[in-house]
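Right after this note come the structures.
The same chain A turns up in both complexes below, where it pairs with chain B and then with chain C.
Right, the complex of A and B next:
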């Protein structure tokens, strides 16, 4: 294998250590998700009783596995993990995802156990995700060694110190049919940390943007080195901004967090967007993954809703984006093409009876004259999806369209055109994209 | 991961003349000054430097000099400087033990301009960080500051000032001339260099630096070193 983390994100075979028949246990849920996500290689349940689980015979111990399994997902009590890893090393297992909790997050005894895990892993040359984590998911590889079951492949990679926060992001992306390229819940980061994964994802062909939830950076010097050389956009939601928040982070995953304003400085210097909410993290990653680089900062807002056009204008202004007036030439041309009641200005208001055909006319007539089109569908506009083009400098916002909106949004997402639900969220995400490419500060 | 081992070494603050000398060694634009230890020396310093001058007490570990009347500004003649010397020391009273007073610093008054701050702190996790912001007594109130982690390019240092909320003030507000951002950025870069070369220095606080349309003047400096 070309990279040691391939055994984690693109394994050829997986063992589930601690597989269980009890549907409420993670040993059952994870095995089921691996099978249901359509993993193509061999999957080995490991259970000391050797029972059949989900229609598959289990092996009684790691020692009974065929040698050289790529990935072991470990879901057994913390105290038994070092021994399991030792056996995994003897069986030439390449990597492990340790779901089990009860390590550094739980006190001195757990911390000692975690140190033991690290020692064994180093000795056996096994790379480890976790412990105390929610696993990994690579929809492009049919690998859902995590929960919940999410299988929609896409272009946003999710790295999260919190399992739930990461799963929420992936859930949103999946529900929108945009999907994710990779999901990893880092947990206690005994071995693999955010920097290792970012370094790995730089060469992942499916990943176009990296969304990260962190409570602290494990190795600052390496992080700075790797991220400053990273050619893919990174968005980070760094929690623990307040004194009490930092205290909570220290007990959650033992993160040592420096002064918050220094994270702001660090991210700024590395051209990493610092998200200030989960929604901001998701929206920015969505824009950065799916929207093309702008050629300049002149926007044209095309809308059927006057109110939405004004809201978008305010957010553009606040974000340092420009809404210049139409040139005489373009305005004259549009007046010849559009019904008289349309307001030919910027925002360009097609008014409430706008059709997809009218949108298309405007989009085509103005594309060469502005840097980005902000297309707001403010009503149930049939075939809105036919107006927009993947890879074109177009920000799409859809609201107030009920069932038609939901159908058209799905169509647009299936052709990889991201759709934002409000002028605010759309324009903020666009501002992040422009900032990444150096168009606004 | 182990928590920070202990409370940081409180260190000690360098007497101001020593701090200013250190800064001058890095070509920072320190306001011309003399240390006077008698009224006569204050008189001569004012004469040499040219009035108006400012005078401030120099005493070990006395940080908030102005709060106790240890600072006098806009002294217009050498005679006034000589008279001010005993007046300042007389006001210190119980705040300062007599043995800890080194004298009075006489410094040329900087021409008026915008007050900014440039500083450096060492964070347990991040190491040195350079700070810049709107200075004077408003630092605490508005918290309009930007941080950067060294190494620091001149361009990066400049951006600390342009991203402040108070940036328009520096860019030439209401007909005032634009202030010399390159000179300010130069101060920030020099502070980053000090942080890199002097690991014993824990904290630097240049507040205020008076920004002018050409150049800038450091009129007050605090430097904390490890014990």
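Right, the complex of A and C next:
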């Protein structure tokens, strides 16, 4: 193992402890997802009855596994977990993901059990994700030790204290064909926390941006140290920001959320983006992972929809982005190229009968004169995907195009050009990108 | 005709003036959409060559139409429109939707042409939508004189000064199986404006909420009078709120946007909701159209996802909604009904292994003790749709459930229970509903 967390995110072999034949149980669902996601190494169901599960014989106990399995995914009652971890240590298992609940989140008895888990794990040199979590997923490695089954590889890493919130992000990225590089549900963070994972992802070749959902940071000093050395953009949605929200967070994962202003100051200091909502978290990560660094602040909005151009202009101003007037040179050039009814200004309104060819003309004619093009497709524009280029400084928004829009959006996502659903979401995401690279206040 | 705008929204017969055989032209697209949406009355293509279009013979001129056609959809060059309207008047056509651009939005010459259109229309007693617009759509009437083809009937009316923005709203509603009651793209508002349509919709049996995109109100006094008498909720996204946005609006539809604070004050006075973004406009209309009036302010959050419960609590507090503690009576009752690992509080966290049956137990046990249930499904929960009831005071949010979520969401939408994609969007929409009914500040 080149890195201690490789056994979790890139295991060569996996045991599912508590594998089950009952389709409603996570011991069945996770085993099935590991197999269906196409994991290439050996997969060992562990079940005390030794039954066949999903066509595979199971071994009766951890002691019966071949020695040195990389990862054990554990889905058994909380009380049995310390003993299982002890056996895992004896069998030289390197890491465990503990799905089971019933630990610190459930009261004093569970908290004692969790302390025991930590002691056994330390003694046995086993790194642990969880307990009380939704597992891990690395689509680049064919590993879906989680649910739902999501297999689309991509460039956004998702670290989440909430399984559902993380799964929602990963589901959105999968549905958009953009996918994720890594997903980890941290659960109670008995051992591995957000900082460990961020540290690991710094050198992960697939991760371009890191999206994090947290209710509180576990170790502020380590977080500060690791994040200030991280050369990849990080966006954090920190929940429990209100009085009532903090109270709710305390009973969820026992996080001491702390005063919200402290997080705002910390994140600003570390150039970490603070998301306001789940969709903001997703949009920001999408922009930061897939869009190139701006060379300057000059935006040009190109649209077939006047209304969308106005909304984009409002949101640009609110987000600290400027929409400068066209230079005389560019305006003259465009007047020569475009039909008379187009409104040659910024926003540049090609009006409702614009075709992909007209967009392409404008995109090519203006590329050298602006720093970023905001291209809004506001109709069912055939071959819109042919207008945009991966790696070019282009923010793409598509709305009002129904089935054509969905087809073209998929084409764009397949060539890794992110598409945003509304002017406001696009411009807010672009502002994050500019802020990360020091191009806005 | 029982109402002057019935000829536009519920015509018995339609002529498409400028119908075309070229699939990229709106004269083809609109005719095709009218036919494909299943319009039940006669449809007359008008084309000077008298060619067959989409299997139908066309008539060569408006003069050749049978007298008294209800609606003419006009897609011919701007300069020919006044003459066409004159002929329409002679043929006793009652209303026109002018798709063509090249009027006031394009400069002085176009403005003069638009004045001529207004004069002819007045003289001929023809009501006009547009010019420079994306048409009208009434799915309850099988009339899609617009694009894209959208046919799902529903209860949200969409009035938009921007064709694309309105089409995006209607597309979202269609994709969610909720649909729309009416769509109108106002364009340059030479005759019919937002107030005319609102006035018409007051008595439309299908419309439960009205979503409006505007860059400016055309006639403030009439707007004030009509809206203060409207017993249906209205949500408005007013674009051009910033300095640069106002400038962009001025060149789009020549709207004088006016100072933003004036609109804020006006909307507050009229109990009109001001949407902050396009998705906010959609979400608010969805809640207002499909959710029942709250009897009071006591919310209970029921979730399988602790993280989503915290996010919902934050957004409730930010939106002015309270999440009160459970009464001792309800808490005791729930402790007797639920597995020990559930967190009996508000939010009520059923944790990650919750089933639809467990949700149902809680929903039934608490219905009489709270005013609104916020039900967050945060996993692939089979038969989640079986838990919710149309017309019950339940706000439903679903995330992190991937394919199961999409299936259950569709089932819920088919029974007219609106589902929101994130805690923040759900709670913001609920706050709109409460505000409309006077239940929050």
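By definition in this document, the second predicted complex is superposed on the first by the 441 of 441 C-alpha atoms of A that agree within 3 Å, B and C clash if a C-alpha of one lies under 4 Å from a C-alpha of the other, contacts with A are read in each partner's own complex, and residues count from 1 in each chain.
Going forward, a contact is a pair of C-beta atoms (placed from the backbone, for glycine too) under 8 Å apart; a residue touches a chain by one contact, two chains touch by 3 or more.
What you see is a predicted model; the values in this text were computed from it and never measured.
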item: Contacts of A:102 with chain B and chain C, given as first, second, both or neither; value: second
item: Partner chain(s) touched by A:146 [first = chain B, second = chain C, both, neither]; value: neither
item: Partner chain(s) touched by A:316 [first = chain B, second = chain C, both, neither]; value: second
item: Chain B or chain C, by number of chain A residues touched; value: C
item: Touched partner set for A:262, first chain B, second chain C, both or neither; value: first
item: Touched partner set for A:220, first chain B, second chain C, both or neither; value: first
item: Touching partner for A:138 - first (chain B), second (chain C), both, neither; value: neither
item: Residue numbers on chain B that touch chain A, as the complex places them; value: 1, 3-4, 123-126, 129, 145-149, 156, 162-163
item: Chain A residues within the chain B interface of the complex; value: 104, 216, 218, 220, 224, 250, 254-259, 261-262, 264-266, 269, 441
item: Parts of chain C lying in touch with chain A, wherever the complex brings them together; value: 24, 26, 101-102, 105-106, 134, 147-150, 160-168, 171, 174, 213, 215, 237, 239-245, 247-249, 251-253, 277-279, 304-311, 313-314, 316-318, 323, 340-341, 343, 345, 347, 349, 351-353, 355, 378-380, 399-405, 421-425
